[in-house]
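Before we start, here is the structure in question, set down as C-alpha cells.
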Amino acid sequence: MAHIPTTSDRAPAPARLLAAGRRRAPRIRWGGLVDHLVLIAGALFMLAPSLMLLQMSTIPDEQIMRTGPSFQIGDRFLPNLDKALNESMSFSGETTGRNMFRNSMILGFGFAIGKIVIAMMAAYAIVYFRLRFAMLAFWLIFTTLLLPLEVRIVPSYEITQQLGLLNTWTGLIVPLIASATATFFFRQYFLSVPEELVEAARIDGAGPIRFFLDILVPLSRTMVAAMFIIMFVYGWNQYLWPTMISTEEGRFTLVQGIKQITQGLEGGHIPEFGRSNILAILAVLPPVLVVVFFQRWFVKGLTDTDK
Amino acid sequence: MARVALDRVRKVYRNGFEAVKPASFEIADGEFLVLVGPSGCGKSTLLRMVAGLEDITEGSLSINGREVNGVDPAERDIAMVFQNYALYPHMTVRRNIAYGLKNRGMAKDRIAAKVQEAARMLNLTEHLDRKPSQLSGGQRQRVAMGRAIVRDPALFLFDEPLSNLDAKLRNQMRIEVKALQRRLGVTSIYVTHDQVEAMTMADRIIVLNAGRIEQIGTPSEIYHSPASVFVASFMGAPPMNLMRGAIETGAVRLSDGTALMQAPAGRGGAVTLGIRPEDVHVGEGPADFDVALVEELGAHRLLHGEVAGQPFTAHVLKDSPLGPGRHRIGLPAGALSLFDPDTGVRL
Amino acid sequence: MKRAGFANPWLPVLLLLPQLTIICLFFYWPAWQAVRSSFFLEDPFGFGETFVGLQNYTRLLDSTQYMKNAWFTLWFSAVVTALSLGIALLLAVKADSVLRGARTYRTLLMWVYAVAPPVAGFIALIVFNQRWGPLTEFFAQFGWEIRIRLEYFDTAFAMIVASVWKQVPVNFIFFLSGLQSIPPAVREAAMIDNRSAVSRFWTVTFPLLAPTGFFLLIINITYSLFDTFGMIDTILRNNPGDQPVTLVYQVYLDGFRGQDIGGSSAQSVVLMVLVLALTVFQFRLVERRIHYT
C-alpha cells in the first residue's frame, strides 16, 4: 500500500498497452458469448432464490400454500411488510420486525466498533512501541486466530453466565470480540506504513498519542472502512451465540429470529410465508447493501489482508 | 546556530551488527557537511543517531556543547528531510508544513505567516491546499524542505533527499538546496551516495566505508589527495587510475619498469600508483598507452586502454586528434598518489 | 516493530489491556475449561464431578452416532469445498475475461457473501418444499422425490446446495482479485508464447492462482465445519432426529440439550485439534508471506 507517494505514480506502460489491445475487438467472439452465458447462469443461481422470496411476499398465503412460488406479482407486499415490522411473532409482543431490526443494528454496530477500537489500540502497541513483552503479547493475541468460538462454545457460555452477563449487550458482544482477526489485519497494515512517517512525526514533536490520533488513524481510514464492513456483516450474521446468550425475546436479533420464523411455517394454521419472507429479506438487506455499496473497500480489505 | 561534536560515537544494532565504528568529528556553525559512501555503509545510521531516532551505543554526541545522547528528537532543535519525503499523505501541504509548529503550541496567526513565507521561498504558494499525492516529485521534495525550514532549526539533517528525483530535477534541486542553506546559514548534515552531490554541495566531506570514516576534508582535498584507495576510486567520475607499481633502485616504477619519478625517502617494495585521468599528459612522456576505445563526451573525450598491461583511462580535449593505437604518456610527479598495496592507505 | 518505536513504558500496556483482558476471559479460560472438562464426568444436576481420564474420548469412538456424524462432516466438507471452489473459479475466470458488464457481474456474484447462514437454510426449506418447492419439482421430473428432513440423503443434499450457494461468493471474490493481480506483462508474454487459451490457463494462470487456492481451501473447510451451524439448525428446526448433522452441531446438542458436559468437551477438544492441524498446515504453506517481528 503506497501511502507515501512516489514519483512514479503514473499507470505502468504495459497496462496501457493491454487496455489498447483489449479495445480492439473486430469480430463477434463466440467465446465471449459463452462467457456471458456462464456468468448470467451464475448470477441467476445467486439471485433467483431471493427474487422468489420477494415474489412470494406479494401474494396471499393461502395461494402459496397451494401452489408455491410463481411469476405472478400480487398486492400483498405492503400489508405483509406492515405485519412483519409491527406484529410480534410471539405472545410477549416483543419479537416484531422493528424490534429485531434494532437489536441486529446494536449487535452489528457494537461488535464492529468495539472490535475495531480494541484491535487498533492493541496493534498500535505491538507495532509502534519498544515493549519488553511484545513477543508474549503478540503470541497471546494471535493464538486466538486458531480457534473459532464454536469449539469452546459451552465453557464460553458458562463463563458469561457466571459473570451474570446473560441477556446483556455486553455478554452478547464482548465475548465475540475475543478473537484477533482485526488486530492481525491492523498489525499487518501498520507494518506496511513507511517507517519514516513516525520518525518525521517524532521530529515534528508528536508524542505517541498525538501521532496515533493525528496521523495513524486518519491514514488508516480505508482500512478502518474495510474492517468495519467485514465486522458489521460478521456481527449482524451471528446466530449461535445470540441464540444462547439472548433468551429474552426483547433482545432477539433478526438472524436469530429466523428460527422462530421457520417454526411459524409449521403450525396448524396457514403458514405465513408473506411475513416470514419479508423478515428473512430484512435480515439480509443491511449487510448486503453495505457490501454492495462499499464493494471496493470491502473487496480490498478482504483480499489485501487475508493473505 | 549550532556546533555539533561526535566523540567516538559507535552503533551496534540489536542483532550484533556494528553499523558505525567509533567516529569522532566536529561540525562548525553554519557548515554544510556531506556524509558520502556506498549504500549500506552506515550513513543513515550515523545521521539518525544525530537526529535521536536511533540510540547511541557508545560515545557522546553534543550540540552546542551540551550532550544530547538521551534527548528526544523533538527536543534537539533539528529538522530532517527524508529520501521518501515522509509527508503526511492525508494532510494538505499547508498542514504538513504547519504540523511541527502546531505541536509546539505556536499561535495560529504566526504559524500562518511562517507557512506563507516558507511557501513563497519554495514556490509552493499555489499548491498549499493540495494533498501530497497531487504534487510532482520535485514539489513533494520542496514540501519536505518547507516542513524543515519553517521550524528555524539549529541543525538540518538530510537523508538522500534528492535520490527519488530524475537526473535533471536532481541537478536543479541540488543548486536550490545549497542556495537555501547558504541564505539561512543553518548548520547541515547531508547524506548521499552520489559523489557528484558530495563534491558540489559540501563545505566538508566525510567519506564513509563499511561503518568507518575513510577521510574528512574539503572537496578539493578529498579529490586531489585521497587518503585511501577506497576514496580514490569512490570519488570522481571516471575514477582515479590505480595501477600496480614498485619503488626500486631509487625510482617509482610502473610494473613494466618504466621510471616515473624519484622515490620518496625510506620506502621500498610494491606500491599502488594513482593518477586522475585529467592529470595525464597524452602525447609525450616515458610510458606507453595502448588506446582501444575513444569515448566522445562532447566537451572532452576519454581514451580507454591499457598501460603496462593494466586498465587505464585518460582525459583529452575535444579537438585532440588522438585515436586508437599506441601513444606515449607522461604521469607528472605532482599528480601521482602512492598507496600501500596491502592497507590501501596513502603513503 | 518499527525501528524508531516510542519508548513510553506504560502506554502500550494500557493500549493492550482491553484486548488481553477479553482474550483471557473469553478465550483462554474457556479453552482451558474445555480441555479440563473433557477428562471429567459431571453430575447431570451440577453437583460435583469425577475424574475419568480418557473415558469421554473412548466413549466418542464407541458411539455409532458420533462416528456417523464424523463421516458425514468429512464428506460434506469435501463436497462443499470442491463444488464451491470449482464453480467460483469458473465464474471468476469468465468475469475476468469479459469486457462489458464486468462490474455488474461482480456485484451480482458476490452479494450473497453477506447473507446469514440461517437465511440460506430458510431458503433451502422453501426451494425444497415438499409440496411445491421449485427444486423438488425439478428433480421430480427425473424421478427423484426429494423429502428433506425425512430422508437422510435428501437432507444432506439440501444442506450441500445451501452451503455451496453461500460459499461461492467468497471464493469468487478471492479468485477474481487473484486474477486481476496477475501483471498484464505476464499475460502478454503468455499470449505471445502460447496460442491456445485453454492451455494458457492451465500453464500460466492456474499456477499463479495456486496460493490463493490453497488459502481458500482452508477457509472453505473451516466454513463447512463451523459456519454452517445456523443453516443446519434452521433446516432441522430444532429436531435433528436421525438426520445428518456436523460435529459442531453435535457439540451443541450434547452440551446444551444432553447436558453431557464431559462428552461435549471431549468433542470440542477433538475439533480444536482438527482446526489447529489445519492452521499449522496453512501457516506452513503461507509462512513465506507472514513476517513475525
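Going in written order, the chains are labelled A, B and C, and every chain counts its residues from 1.
By definition in this document, contacts are C-beta pairs under 8 Å (C-beta built on N, C-alpha and C of every residue); 3 or more make two chains touch, one makes a residue touch a chain.
What you are looking at is a predicted structure, and each value in this text was computed from that prediction instead of being measured.
Student: Which category does the touching pattern between chains fall into here: line, ring, star, complete, or other?
Tutor: Topology of touching chains reads as complete, every chain touching all others.
Student: Whose C-alpha centre lies nearest the centre of all protein C-alpha atoms?
Tutor: Here the chain at the core of the arrangement is A.
Student: How big is the gap, in whole Å, between where the Cα atoms of subunit B centre and where those of subunit C centre?
Tutor: Once rounded, the distance between the two centres reads 59 Å.
Student: Rounded to the nearest whole Å, what is the centre-to-centre distance of subunit A and subunit B, using the mean of the C-alpha atoms as each centre?
Tutor: Distance between chain centres, rounded to whole Å: 54 Å.
Student: CA centre of subunit A versus CA centre of subunit C: separation in Å?
Tutor: Distance between chain centres, rounded to whole Å: 16 Å.
Student: Which subunit C residues reach two or more other chains?
Tutor: Each of 3-4 in subunit C touches at least two other chains.
Student: Could you tell me which residues belong to subunit A and also touch two or more other chains?
Tutor: Counting only residues that touch two or more other chains, subunit A contributes 199, 202.
Student: Would you please write down the residue numbers of subunit B that are in contact with two or more other chains?
Tutor: 48, 53
Student: Using the touch definition from the top, list the residues of subunit A that touch subunit C in their complex.
Tutor: 12, 14-15, 17-18, 21-22, 25, 31-32, 35-36, 38-39, 42-43, 45-47, 49-50, 52-53, 56, 66-69, 118-119, 121-122, 124-131, 134, 137-138, 140-141, 144-148, 150-160, 163, 174-175, 177-180, 183, 191, 195, 198-199, 202, 207-209, 211, 233, 236-237, 239-240, 244, 255-256, 258-259, 261-263, 265-266, 273, 276-277, 280, 283-284, 287-288, 290-292, 295, 299, 302-303, 306-307
Student: Touching subunit A in the complex: which residues of subunit C?
Tutor: So the residues of subunit C touching subunit A come out as 1-8, 11-13, 15-16, 18-20, 22-23, 25-31, 33-34, 37, 87, 90-91, 94-95, 97-99, 101, 105-119, 121-123, 125-127, 129, 131-134, 165, 168-169, 173-174, 177-178, 183-185, 187-188, 197, 211-212, 215, 222, 226, 229-230, 233-234, 237-238, 248, 251-252, 255-256, 261, 264-265, 268, 271-272, 275-276, 279, 286, 289, 291-293.
Student: What does subunit B use to touch subunit C in their complex?
Tutor: By the definition above, subunit B touches subunit C via 48, 53-54.
Student: Under the stated contact criterion, what part of subunit C meets subunit B in this complex?
Tutor: 3-4
Student: Contact residues on subunit B for subunit A in the complex?
Tutor: That would be residues 48, 51, 53, 72-74, 78-80, 82-90, 99-100, 103-104, 132-133, 135-137, 140, 147, 164-166 of subunit B.
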